[in-house]
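Some structures to go through are shown next.
Both of the next two complexes hold subunit A, though its partner changes from subunit B to subunit C.
Here is the complex of A and B:
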């Protein structure tokens, strides 16, 4: 079997476009998903049992089912229920945002919990009003502590986003698969596509441990 | 000369406090602290010393009893459900330093000091910074203003914690075993700072296991065991020649020597 990687070069523009779609999709879902996850994380520590229950069901559902099913469900079932057609890209964003929200809410919840009782005692002893306790002491520490795990969540999302090719969104995976089918050169094309994912994900994953060490060193009281 | 009646700084009356139904910690505690007094509280582990200080700081709910501060009602429990009522305005005039470091790790030393003055009293930032720098200077920490807590030694952290509490001009300072988590060679620098405050007549209530420190700082010593005051008197008496059998046992056991 002869390998000819120059084939891939012929399609570099298409691949670049696909990568751009993947990156856009990932970034949008990171921003929306983290915001949603933060709110859900707060909701799960709410005083209201109803709020806690609803947010728990949401999180457990999205953590406990395959992303591919979530994607299909949003893509095929949501339009039926809502009675509106959703563009592919929009359903991809909705699905991945909901997924990311569930995952990051756990990250935020854990980091909120990790701000110890002693910090609250100190706040009270200093007479800080509740609002200041939350905005100046608890949230900043919780967010700082959440950053390393959030970064890993983002790297996972970047990789999981390849699933949207299954509902016809022209991301890197989708384009790669098409080129591979049309050229009958799966080895060259899919290897290169895998490499592109790896080249982006790997340094990010490394950066996570670096950031983690720095933050932990800073927060070690 | 006119005799003016000055109310006790702190008056604790039949204070009961439990953690859950089975852990009765304070069982009818009475303490009266006069202005300018420095009360050292000693007693066996689990006797409720930390709990007492935490209650006075307004960090805990109580079962029953009351506390007044400067003659004003401060903490009480009322109503059918025995809700704990804490006057947060009064609480602001009390400062506390804990055994474990409670600095805010994401803020620099200076930011730790000015957070409460700026956010609670609405003090101007520049003014708060000036005061903070003066305090840090006094405590030998001027060079550390922009460091983060993680970059400080245990002794420095505790001195910062004391400075942070002083930023709010407390009328009473509570110290709960502030040196017992420290390496032995760092204990003195923290105790010196507290002695410095004592020299300026800052009223304080101190829990400590350090005999030397207790003798040097106390104007009065309270031996607290089993959730009640067992003995209460001047340091020479309680530490030197205790009247109560239980005090004597404790001091023999914990401090080894009695004077």
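Here is the complex of A and C:
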């Protein structure tokens, strides 16, 4: 068969619009998801057994089920339970935020744990108050160490965001599939869509190892 | 909330059939991913750039594009490009298997490169030839080190396999979706489907956690 990639150029505006939706969705969910993940990460180290149990169940459940079913659940079931109509975009944001919250909470938890016990002992020896221990000693180190994994979580989220096309949100994947169905040119259109995802995700993924090697090595932590 | 639950509406028979398809997909994709992943790992560590670069590029391509794009691409484009028509199950296995191959290749590579330099030096000092060093020193250590990541990737593909529902393979997700539409009971159906996925993947993640903790204890 003959390939004609110029056909994709005719739809560049539509694809750009889809990409913009994908990026918006990803950015919003990164911000909300990281905030949620940080809180959940703290909740999992809480002294109250109830808080610990609830947050663990949430994290394990969202890590243990496909994102697609989470998305479907929120899309079809949440409106029924709440009794309100949810716009597509909002249910997409809720689902991806909950997913991102679950995976980043594990990142934060691991990085909090990686701050050595001796650091806390040193804080006590220096007589630092509890608030200073947390804000000036533990948090900065924990957050720095979390950065590489957080970045790769962001890449995962960006990739998983393509799933929202299954519930009819007009993201890059959805628009790409529509164009490919209407033009009967799946090879050209879907290849370009894949390349667009790759062009964005690849530098980000590279940045992860760069941050790991350069920045963290320089800070010697 | 005035929704009355009725879990009796969920018939387990189609879900069970779907689960079997999902498990078949997962096992077959893992068989592909575990073997080819190792071969690709060897390619991306090759000293010859003409072998290394294409292998690295394809691994990165699979790792940096959404799995759903890969699956849809596979289903639409492979028949058109190569003029081969396989049944949808085989296509699904190949698409998931290739995706897993890329992720496992990275896992193997990381584990192989993490074998301490001193151990290889000791191998040289003992007079082992390069082949023996790989067979007796690198492989056993690297394989054991990579098990947790391989298991995580394997269960990841179990979850990703839900995507094949979009290209109409009748897996657990697909059966759940049709059941939800037929019975008008999305909450009950999707909850049960989610619980089934969870019931399979949770024990595996617990095993991974156990293995990792044990490793850390052994290392320290």
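Basically, the second predicted complex is superposed on the first by the 217 of 221 C-alpha atoms of A that agree within 3 Å, B and C clash if a C-alpha of one lies under 4 Å from a C-alpha of the other, contacts with A are read in each partner's own complex, and residues count from 1 in each chain.
Here is the rule we go by: a residue touches a chain if its C-beta (ideal position, glycine included) is under 8 Å from a C-beta of that chain, and two chains touch if they have at least 3 such contacts.
Since the model is a prediction, treat every value here as computed from it, not as a measurement.
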Contacts of A:141 with subunit B and subunit C, given as first, second, both or neither: first
Subunit A: partner with more touched residues, subunit B or subunit C: C
Which superposed partner A:124 touches (first subunit B, second subunit C, both, neither): first
Contacts of A:111 with subunit B and subunit C, given as first, second, both or neither: neither
Touching partner for A:165 - first (subunit B), second (subunit C), both, neither: second
Subunit B versus subunit C as contact partner of A:177, first or second or both or neither: second
Subunit B versus subunit C as contact partner of A:197, first or second or both or neither: second
Residues on subunit A engaged by subunit C in the complex (per definition of touch): 1, 60-61, 63-70, 72-73, 76-77, 80-83, 155, 159-163, 165-166, 173, 176-177, 180, 186-187, 190-191, 193-194, 197-198, 201-202, 205
Sites on subunit B touched by subunit A in the complex: 54, 57-59, 88, 91-92, 94-96, 98, 100-106, 115-116, 119-120, 148-150, 157, 164-165, 168
Residue ranges of subunit C touching subunit A (in the complex, touch as defined): 1-3, 60-61, 63-70, 72-73, 76-77, 80-81, 159-163, 165-166, 173, 176-177, 180, 186-187, 190-191, 193-194, 197-198, 201-202, 205
Subunit B-facing residues of subunit A, complex: 118-119, 121-122, 124-129, 132, 136-137, 140-141, 144, 217-221
